[in-house]
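Here the structure comes first, spelled out in structure tokens, and everything after it is commentary.
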């Protein structure tokens, strides 16, 4: 696949669509969660308003360069993930910068944002941030382990590291999806998915009760707006990867919307039900349940 | 970790399909409950007693004057203003409100930018919730005050009618404390009391069983405390805030409770009346309550006081007009003797105009206080009233007081509705007569003390209201007299005054009695004042119209008592005396602050 | 109170120094490196606050104000009893989320400080810090009578009476306790005020900074922090 | 024959117990001298079953110049409560600490130190701020401390208030010349 | 037993000083925990209270006896009624006033409703403290339904000021029983849901089992009362041991557990809510509809209570709540001491239990002890 300049506006368009989709979808998810609690929840456009509000705040206090760069890194992680992952299979416009080794890059980007965040939050000097970061890194690492194993498993299965090719291999019938061809890997990957989406029971990093409020404690106004933007892009980008790898990708925006929604909903479905684990409990959980499944998945292939 | 623990939590999703608990319109959907304690409302019944202010532990209530209030008796003209920067909506003010005028609405929202805006006078300031009909009201069965008066032991009507023993036994100490405890100490009564006695303060001293302080407080404004503790017309009780929901405090009897517990010989020591002569003298005409009161306060200021009394004993109307079952002589003597013990000289049997001239008084004294009272019975102004069996009420009482037989017979009609009429009726009952009282207006219009009316009825007097005497005719026997009277209808007065009785010509009655006692009022006798002086003095309806400090146009002459006021009761006379004493002192160059 | 017994009087001059961990000190890292730490420099911003100008274009400012009004993030700091009626507000019965109101646990992300009732002196100190850490434009709502004139604690030795002496207040809600509905009404009122661009408490605070600080120091006797600390 | 009398008789030989007040069937107050108090507390706890310290507080009798500490002990088996009073000198109040017997006593002692100025040597964190912070007055719970005056002086009250006494107001309105301070005055 | 805290050298870099509160979502009311941590483990915990100190005991000394009645309820914000009852009871005992039977029943009804509401709030709190926000949403709403009942009965949602010395302030409103029963049914249904969601949740169990174990011998040493004590296996409940009001006429079980950890404490409270509903139903059935609800009172404006002293206690949701009052025969009280169970639970006990736990568990631990800071500092 060769690079063409037209891909840049195309990719930006993809980002734009995903951003808006994410804004509205996360709001709807919140409304669903609220419904379980017995209330109506936020308006669907609330995320936009919050974003504007945060951009419009007049005070911006910085605690140093890294503090400033933290959200930027974080957003870069989210954007990078999208940019290097084909969003719609078979569409030239939304192919983004997918290339032969993009799976590895994607895995890297998943982690990149978190690391950037860690630096920024560390710079903010608030002990809650530091604690949140250490929790976050530990937990994400543990949660990514099953995912890494699952990815290893399917790259063995499909003999490629290119996401587009993996998606291509799943086309045709629903039973070509990795979900059915390699269910163990999917289960292992879902451990990682649920574990990194920052929802109960694995959201102790951001928990307001256990320690307020984790890494973003000191972030506000525009910094926070950047992070908010990332908060809607990054999970979707991640969901796209899962969709591509395990659920047959999407051939159009309709399928994309449905699949992302459904996948995202899995975390909500689990999230509203459970209290949250402590960090070491969730790590133990991943090591005890996620890791063996991942290893089994590799062995199965 | 069992499978059940894994699956059972997902049960929460069941609630996702239920209707949310949310209220669509959060502000309008839930008005305060009918009993909600919201913002304050105050009705027109409020009299500004300030009890709400005194119970408020947050000092959230100020009593402030309100413009444009109609001046009513027993209304302080103040209204509670609430500071919602202080209020905690405990509604104790509502619970304690003596008139039940204060309520809470169920309105509860008040949001402003200005922190100084949270003041308002309930009931008069236009607030959005003034028309609210719901909200907290005190439950009928819930009281923070004691509404029932402590009953005093008294002679039953059967017993009392048999003699001249004092009817009211007076409170025991425990009863007095309990009764005093009911007082909310608002002070509304002080303005209504003609003498402006510091009622709440002496009631508190009863509650604290501190009778010495009580006596000092009484004597500040009233040297006839023992007397007033029995027979005062207690206007204070008519405005007492406790009367709005129950019985007013027995202010009169609490006064008596103090004096009954202080022996006369300790008065001087307690009151600390240390008299030193200042060299000037004042003449007082009449040893009634007005005269003696003036004498007391003048004497305290150091004036030499000489009282000229026509009768053989002091006390005036108290002595000769009030029967001893209401005011035993020894109690009156207790008061008068104390005043005399300070050095007030009383010249008995000295009638001004006969034994001594008015002019000589003016010459010998630096000032003269005149309180001769009303001792001339008013005429009935009907035909035949000169019949010998038509007696005057005053005469009857006078005779009884002096131990003479008034000769009333067995069947008596009393005409009038004032205290004299009631006294005459009850005295007649005690002398064994069957008594009918005829009164022009309704019973509730009677000027007599309600207690008196009630007691006279209890003692067996028949009260006939709306009965206008028309004529008096000689009866068959000379020892009897016939009275013709007609029933009256009350007709509303066009000019807004009180309803007038109008004689119904077709409903006339005729009855024969052993005597008719006329007690419809008295007039004064001031012929002794030379006419050139009289021209300088303002009169109205044969009574003095005194200026400030009871002074008349004749600068040296101060007047007071029944002859100078329209209220015609002892306590007013006492106040006139006190007021005049201050006026005289001021006139003679002292300060009025005495 | 002049001849106060020295034995139990605490001397404000000597007994309220900076807390130990607030003073400059050295920390040895696990690898043996010695690091100088001046917490006041590190944790606080020493820069004095500034008045923040409005947008140049009115229409932009109006748009911003609209967004601010519809995205009020309340600091989860219940200072007094009023906090208990703020819970129903954020739960299904009243569901303030519908109005863009959210609960933020950190002052850095909050725009609205609801002083829910009385403020003890000790809490006042924290409330001031929390307020100063909030990014402008920020709003303060005084909930309950206690913030207006002391309420039922008007004679308490440990609660302040007039809250507007210490922080600029945009709105007062009377009541004790005010129902959640009133709080809601207050927030809606505040929204109106924000949309009209009149909620400029943050700037008022900066403009009268000396006055506010003087008042704060009059009451908070152990002032062991810098004046500027956001 | 109640538990309390029994008990106090038993300890009466070794301790100077006075002012026994049987308030109700399950509550008795008594007083011991300061030097015997902690010993008795220990004995009550270990031998008599009064294992629960409900609270420890102090009463200020300013007119008598004493503080009276009250240790409220409860026996779960007999369901009887004992209130033990100990008088302290108000001007130099010091008492032996019991933080080694009950853990929560240290908190009570801290509170008493702050609120009354009573010293309990050895009690942990005794001089740390408890409820107050930056307090520069006499301990506030002492009777001579006037909280209303202090509040007014330090926290101010909002302007715009002012009240009238109904009695005085009516006097001014209705009968001014009868008042002692009549408008025209004398002389 | 008091144990000196280990000396921690902060400058060694091994430890981190961490403040939780006073502004902290995991704590009811305001309180600060000064934690010294090593990694995620707490090595030292100091509590700081006083953020809500209003000096009630001082204020009460300068208010008359009736004026004290509205302020006492503010002492424990989430559960004001117990203050009202105890204040009324202590004044009644010293004055010899006896509140009528009808008032006693209404009081019991009031207290038990309050207990239920307070527990509901706590139930939401324990859910929220461990991240189960949904339960919090439900319970706070259902608590609100109970507050509606209070509003109807007393005229206010939170500070009822209803139990006045001498009785209660008003009769039950018309149709109160049906509405109350309706709410009770709803709450009961909710409780079963909560049991499924929270108590049968493996995450919740993992978090709470073994957290903050109170050894039985600590109970008396730390003055632990209430459910915290019962969860440690002690069958002690003042409603049964020293019955007040009409508790001797009500049927209920004293719930106990043995594990004495956060889960056991929660479970005991959860079961007590069911007992509360049971008692409430009995109250609704048996509260007299006729008769006086207030004893004859003196004029409260200058109410002098005879000299004396007494201590009255009641079992509130957190344990033994007590009022100790000394009077000297004047219109003002000489001394009031309010004994709140949180006093020992939140300070001495919390400082002890927090050591060795994970930072993430402090909020949960605190909630599992069920403490209300306003009643600590008063």
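When the chains are written out, they are named A, B, C, D and E in that same order, and each has its own residue count from 1.
Please note the rule applied: contacts are C-beta pairs under 8 Å (C-beta built on N, C-alpha and C of every residue); 3 or more make two chains touch, one makes a residue touch a chain.
As the structure is a computational prediction, the values presented were derived from the model and not from experiment.
**Student:** According to the touch definition, list the chains common to the neighbour sets of chain C and chain E.
**Tutor:** Of all the chains present, those in contact with both chain C and chain E are A, B, D.
**Student:** Going by the stated contact rule, which chains contact chain B and chain E alike?
**Tutor:** Joint contacts, listed by label: A, C, D.
**Student:** By mean C-alpha coordinates, which chain is most distant from chain A?
**Tutor:** Measuring from the centre of chain A, the most distant chain centre belongs to B.
**Student:** Quick check: more C-beta contact pairs in A-B or C-D?
**Tutor:** C-D
**Student:** Central chain, going by Cα centroids?
**Tutor:** Chain nearest the overall C-alpha centroid, as shown: E.
**Student:** Between chain A and chain E, what's the gap in Å when you average each chain's C-alpha atoms?
**Tutor:** Spacing between the chain centres: roughly 43 Å.
**Student:** Can you work out the whole-Å distance between the CA centroids of chain B and chain D?
**Tutor:** Here chain B and chain D have centroids separated by 47 Å.
**Student:** Please report how many Å separate the Cα centroid of chain B from that of chain C, as a whole number.
**Tutor:** For chain B versus chain C, the centre distance works out to 59 Å.
**Student:** Round to the nearest whole Å and give the separation of the Cα centres of chain D and chain E.
**Tutor:** Using C-alpha averages as centres, the distance is 24 Å.
**Student:** Listing for chain C: what residues touch at least two other chains?
**Tutor:** Correct list: 76, 91-93, 95, 98, 103, 105, 122, 148-150, 152, 154-159, 162, 176, 179.
**Student:** What are the residue numbers in chain E that touch two or more other chains?
**Tutor:** Within chain E, the residues that touch at least two other chains are 17, 24-25, 50, 53, 55, 58-59, 62, 70-71, 134, 136-138, 141, 156, 159, 197-198, 201, 203, 206.
**Student:** Please list all residues of chain B that touch 2 or more other chains.
**Tutor:** Residues 9, 12, 15, 20-22, 32, 57, 83, 85, 88-89, 115 of chain B touch two or more partner chains.
**Student:** Following the definition at the start, I'd like every touching pair of chains, please.
**Tutor:** Between chains, contact exists in these pairs: A-B, A-C, A-E, B-C, B-D, B-E, C-D, C-E, D-E.
**Student:** Would you mind writing out the residues of chain D in touch with chain B in their complex?
**Tutor:** Residue positions touching the partner: 158-171, 173-175, 177-178, 180-182, 184-187.
**Student:** Please give the residue numbers of chain C that touch chain A in the complex, ascending.
**Tutor:** Interface residues on chain C, with respect to chain A: 42-43, 45, 52, 63-64, 67-68, 70-71, 76, 91-92, 95, 97-98, 100, 102-106, 108-109, 111, 134-137, 202, 230.
**Student:** Applying the document's contact rule, which stretches of chain C touch chain E when the two form their complex?
**Tutor:** 21, 25-30, 75-81, 83-85, 87-88, 91-93, 103, 105, 107, 118, 120, 122-123, 126, 130, 152-153, 155-159, 176-177, 179
**Student:** Which positions of chain B touch chain C when the two form their complex?
**Tutor:** Interface residues on the chain B side: 20-23, 26-27, 30, 32, 57-59, 83-89, 108-115, 118.
**Student:** Considering the complex alone, what residue numbers of chain A touch chain B?
**Tutor:** Per the touch definition, chain A meets chain B at residues 32, 34-40, 269, 272-274.
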